[in-house]
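Lettered A, B, C and D in written order, each chain numbered from 1.
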Amino acid sequence: MRLRTSTSETFGVEMIKVGIVGGTGYTGVELLRLLAMHPEVTVTQITSRAEAGRGVSELYGSLRGHFDLAFSEPDPQKLAECDLVFFATPNGTAMQMAPGLLEAGARVIDLAADFRLKDTALWEKWYGMPHACPDVLAQAVYGLPELNREQIRGARIVANPGCYPTAAALGFLPLVEQGLVGTGNLVADCKSGVSGAGRGASTSMLMGEVGESFKAYAAAGHRHMPEIHQTLSWVSDSAVGLTFVPHLVPMIRGIHATLYATLVDSTADLQGLFTQRYADEPFVDVLPAGSHPETRSVRGVNHCRIAVHRPQGGNVVVVLSVIDNLTKGAAGQAIQNMNLMFGLDERRGLDQVALLP
Amino acid sequence: MRLRTSTSETFGVEMIKVGIVGGTGYTGVELLRLLAMHPEVTVTQITSRAEAGRGVSELYGSLRGHFDLAFSEPDPQKLAECDLVFFATPNGTAMQMAPGLLEAGARVIDLAADFRLKDTALWEKWYGMPHACPDVLAQAVYGLPELNREQIRGARIVANPGCYPTAAALGFLPLVEQGLVGTGNLVADCKSGVSGAGRGASTSMLMGEVGESFKAYAAAGHRHMPEIHQTLSWVSDSAVGLTFVPHLVPMIRGIHATLYATLVDSTADLQGLFTQRYADEPFVDVLPAGSHPETRSVRGVNHCRIAVHRPQGGNVVVVLSVIDNLTKGAAGQAIQNMNLMFGLDERRGLDQVALLP
Amino acid sequence: MRLRTSTSETFGVEMIKVGIVGGTGYTGVELLRLLAMHPEVTVTQITSRAEAGRGVSELYGSLRGHFDLAFSEPDPQKLAECDLVFFATPNGTAMQMAPGLLEAGARVIDLAADFRLKDTALWEKWYGMPHACPDVLAQAVYGLPELNREQIRGARIVANPGCYPTAAALGFLPLVEQGLVGTGNLVADCKSGVSGAGRGASTSMLMGEVGESFKAYAAAGHRHMPEIHQTLSWVSDSAVGLTFVPHLVPMIRGIHATLYATLVDSTADLQGLFTQRYADEPFVDVLPAGSHPETRSVRGVNHCRIAVHRPQGGNVVVVLSVIDNLTKGAAGQAIQNMNLMFGLDERRGLDQVALLP
Amino acid sequence: MRLRTSTSETFGVEMIKVGIVGGTGYTGVELLRLLAMHPEVTVTQITSRAEAGRGVSELYGSLRGHFDLAFSEPDPQKLAECDLVFFATPNGTAMQMAPGLLEAGARVIDLAADFRLKDTALWEKWYGMPHACPDVLAQAVYGLPELNREQIRGARIVANPGCYPTAAALGFLPLVEQGLVGTGNLVADCKSGVSGAGRGASTSMLMGEVGESFKAYAAAGHRHMPEIHQTLSWVSDSAVGLTFVPHLVPMIRGIHATLYATLVDSTADLQGLFTQRYADEPFVDVLPAGSHPETRSVRGVNHCRIAVHRPQGGNVVVVLSVIDNLTKGAAGQAIQNMNLMFGLDERRGLDQVALLP
């Protein structure tokens, strides 16, 4: 097989030099998959202590022919040569390295949780460690473009949202922004494919354990709850009360959020509200009334598809919101944020069609 | 292979003669699977117009060696010779044949919906046809043993509950019976494996369509909503308002109900309440505090496993309830009801261990 | 959501006008998915009698935002306006319409089997009907680029190979071309995901039937056997004897061919042979010695990945060959053929990265 | 939930006291599942260093209500009080403890590989360690009842066969015993569900890695090859040459062996041969001519189902053989062996019906 000759090379365009820290997990390989199809990016470094020296396509056969790159030890000085560094690392890593990189002039997108909660004390409570750089946290922009597009354009560091928070926030936003629902008793019943748990060795995520079965987890409290709470509180006039229960679905990719709220204005045109709210959004697709989005309709793409229901015409509104947890829920949204930060068309490199069936 | 010589034959015991109408679907084969292991039952007839003349083990290779029985055309006179007739038919069939069978002295358990809703008008609205025998409907007992055990013992005809209603009712009952939650705004977010959709030829349930994907369906209204509503209304002092959204999980067996309610008494000992409510129930298992039941823990068995949570110690109670939709949600519960109707130990023939992994 | 603004529009390039006959199946949606990402193609028509009038993105939510096109009744005159017509129809349809289209100046690629077997009598035996146009069959080129690249470039009509035949032929070719194995007793043990069976309503392909299970089928004889046999006979000096057993895997996409042959020259450098045979092939990837290709490594892409083994250093050679049955096994290869027929770079529009995980 | 009151307790029967060493894996839980349903066995001990002190039903929710037993540290003296000790341990453990247990009067069934290969040197080559007790190996009986029933009845120690070897041997035996096929070039293309890889933490068996994908593994050589070779050599007059390639199927349970051999006598009545060979076997089911066994038809049961084909009436015979790798391929066969060793009906406790769907 000949190495791919880029069919989309753009003469005269200066490529964005990108580094990826912690590239062996599912978020890392998804970044590589998408960046391979991005016409204005060159991945110059990808780090992994465990796999240093090994070719990325040795680890991920799907990348054969697309990357001639090997994992390397993370080296702050070399990383600082990048225009942008993505962190696809466990929580707690990016906050150690980000200050130096920013100082050196690189920009940063953290796909982990280090910069997601603006309240340092709250962050420390839910993540169980002291925060290494509260000052950087203060300047980080929460990277949900549908909420913070303009701030993202100017950001030096972006906190890429969590997967559940992306699906839940996009479904709740139109209702809460307009004050149409009681915010004291919101319910987000969310379901995720197994890739959300990452690629670390474990017994609990073996196919023999999670295949052909379904369960809730972390019903007592999950770190994505305060994140969703924070987003909704930003746009709500009243206090937010949220119950969030995540579940594990025996499939690989996909998140489905089923959201419940009680209408305070029963005359609202919900379909019109959602359609209008997202009319100009390239990656949010409001389905026709009566629809039920399937996770497979966004498999591998950066879209969120949403339907809104009002069962039996009552006062409860049910929003169904689906994303691919690795794409709009992680790597795709990170690239969307990158496009904004570097002045590119937001959709650049993200115009694939979902893999169905 | 030699045909199985029963190792559990019970000399001197008179066997219950059982007929099954409509035995080609998943409920039918599950009845056969369980009845093959029941020491006091003989299946004397199984009917199917489409498969008349074909051996049951030709259709279901899993039954080879266990049944020397062929499908036959349904013949009311021959069925009337049975002690008990199970209907594993589409909605609308049992109500045509049940009156005659009852008159002839047979007893009936309908695994479809014909006798589930006591309000004829409500039934006709949700099922879209006139009811053929409102008088029989009036005498039918709703076959949820944990609620109606004594009436089932004396019943001539039992309406076997729906799969979602079984999982949801068992989870809500302790709370609603004790008036511990506001009943005006209950939420049942339920998830089912694909076998719940039956074995009929269709495009929408192909593995190519439902594998590796997750979606809600019937968010605007599902027939199991009024059934759950009816059960909860029976035990509630106040009006019941219920939102029920079913979802399709890419697995074959299992239902997971995630139930949300708001506590009116925040001092309640929820774990104690559930444990005590089901202390004597052979098939309801309340898990230790903090647990998350998996559907696989009840695969192929008649159990319901339940956990109760109070996220962040707030006023929302979350109940997690799992069953196998074909067993406790259909054929297993039907046999539990049969055991009660015929004076047997309720657990007779139902003491298998779930297939895990 | 705004309709996609093509980011890859190529000014000054004349777009190829493409029609698709029979676009509702999995091959049809895969063609649409790939053509949406092809910078030099416009899909002008897609036909379906059953779905005429319905938007393609109503049927396939994944296409929302990519196509503003509805299914139409097949109309030979309108189809003749296309530069190229793809047939994604059941066997027996393309041979009715192809002669007229060719005469009118359109070119044709048939993704069904109508033009795959050059021997009309053999075709009629395996497909159970008379062939409608043996003369067109005679001029059709078998569209395996790795074998017939030059003829495809000049072809008016191309028979796109079957999915199993593509995986098996690419695995056997280097060995048979060089006369390194005995051809009298070849074994192709092949496994396919369920999408190979299409999207037609059926009981046998329900997830409840094929999920969590594995089986062989058509062990007595499958139509792809004579097709593989024909390809190998073309390149073999000696008579070919082939045993082909297909199996059904509980997954959606992917074919894995495990091929067995006996070496006649035990000194051969098998790894070198395969590497050299496919050195210039853009879509055939020979893995390093000792590898085991996974079907997921080609999910959604047009690649075939191959590994060659010689267990215990004996005289049996085992070739492992994987493709995506809908891509290299159907729609992707059809587009590769289209690229060749229209003088484009063979890889045009086919440079995506496999979706892993 | 009330603890199960055994409905099958047999007064006056002395129960077999059973110990299980290494009970936390899939083979261990399958032993527990089946033994819970065995009327003449009491499990008195189950050991696990890692889980000592933890209740078995804490680890496996499916066992709640069936066992009131906790894991304990392995204690040779206590184990010696058992009538029978099952080893469900990694290779190399049973051979350390078996000599002492046998001396103390207990009997042993090893579900690992320590006593499977009679040739000590061959064992040491494939398992990469010295054998601890060649003398015990010499007296161990290979526990394939269909081959060695009488020796098993009198055995003190039984080597329970591997999963692939069980499926492959049962499929090849009739042909090889009768000398009907050339034994120099046998092919066993075998496919297994993921539970065959056990329950140890790993990356390679995560659902994110093995779901929705198919691959071969160990094509260069797998430990089950010499085991199958040994069995076939026992019954063959001529030298055996065997190619064995295992594959991983994205499902949990089940093995499918597809076996290829060349007939030396083309007049043989293959269907009759298989039917007659297994006519008296309680757990081997020869399907009607033209059948294709599904792995789900044996899910959770101790059966092997077999079909024999002769594609296009040629000289190649194809045998399709399915088992559940955890049941007939491990724990079920171990209990079948136990029944034989203790003079019980071979089918005792093994008369469940496969879980389908």
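In this section, a residue touches a chain if its C-beta (ideal position, glycine included) is under 8 Å from a C-beta of that chain, and two chains touch if they have at least 3 such contacts.
Source: prediction; values computed, not measured.
Enquirer: Which other chains touch chain A while also touching chain D?
Expert: For chain A paired with chain D, the chains in contact with each are B, C, in label order.
Enquirer: Quick one: which chain's Cα centre is the longest way from chain D's?
Expert: A
Enquirer: Report, in whole Å, the distance between the mean C-alpha point of chain B and the mean C-alpha point of chain C.
Expert: The mean C-alpha positions of chain B and chain C differ by 45 Å.
Enquirer: How many angstrom between the C-alpha centroids of chain D and chain B?
Expert: About 35 Å separates the centre of chain B from that of chain D.
Enquirer: For chain A and chain B, what's the span in angstrom between their mean Cα positions?
Expert: About 40 Å separates the centre of chain A from that of chain B.
Enquirer: Would you mind listing the residues of chain B that make contact with two or more other chains?
Expert: 26, 195, 199, 208-209, 211-212, 250-253, 293-294, 296, 299, 357 - these are the residues of chain B that touch more than one other chain.
Enquirer: Flag every residue of chain B that touches chain A in the complex, lowest number first.
Expert: Residue positions touching the partner: 185, 187, 189, 191, 193, 208-209, 211-217, 219-221, 225, 241, 243-245, 247, 249-254, 256, 258, 260, 262, 290, 292-296, 299, 307, 309, 311-312, 314, 316, 318, 320, 322, 357.
Enquirer: Residues of chain A touching chain C in their complex?
Expert: 1-2, 4-8, 26, 29, 32-33, 36-37, 60-66, 195, 199, 211-212, 252-253, 278-287, 293-294, 296-301, 303, 305, 326, 345, 347-348, 351-357
Enquirer: Touching residues of chain C toward chain B in the complex: what are they?
Expert: Going by the criterion above, the answer is residues 26, 194-195, 197, 199-203, 205-212, 250-252.
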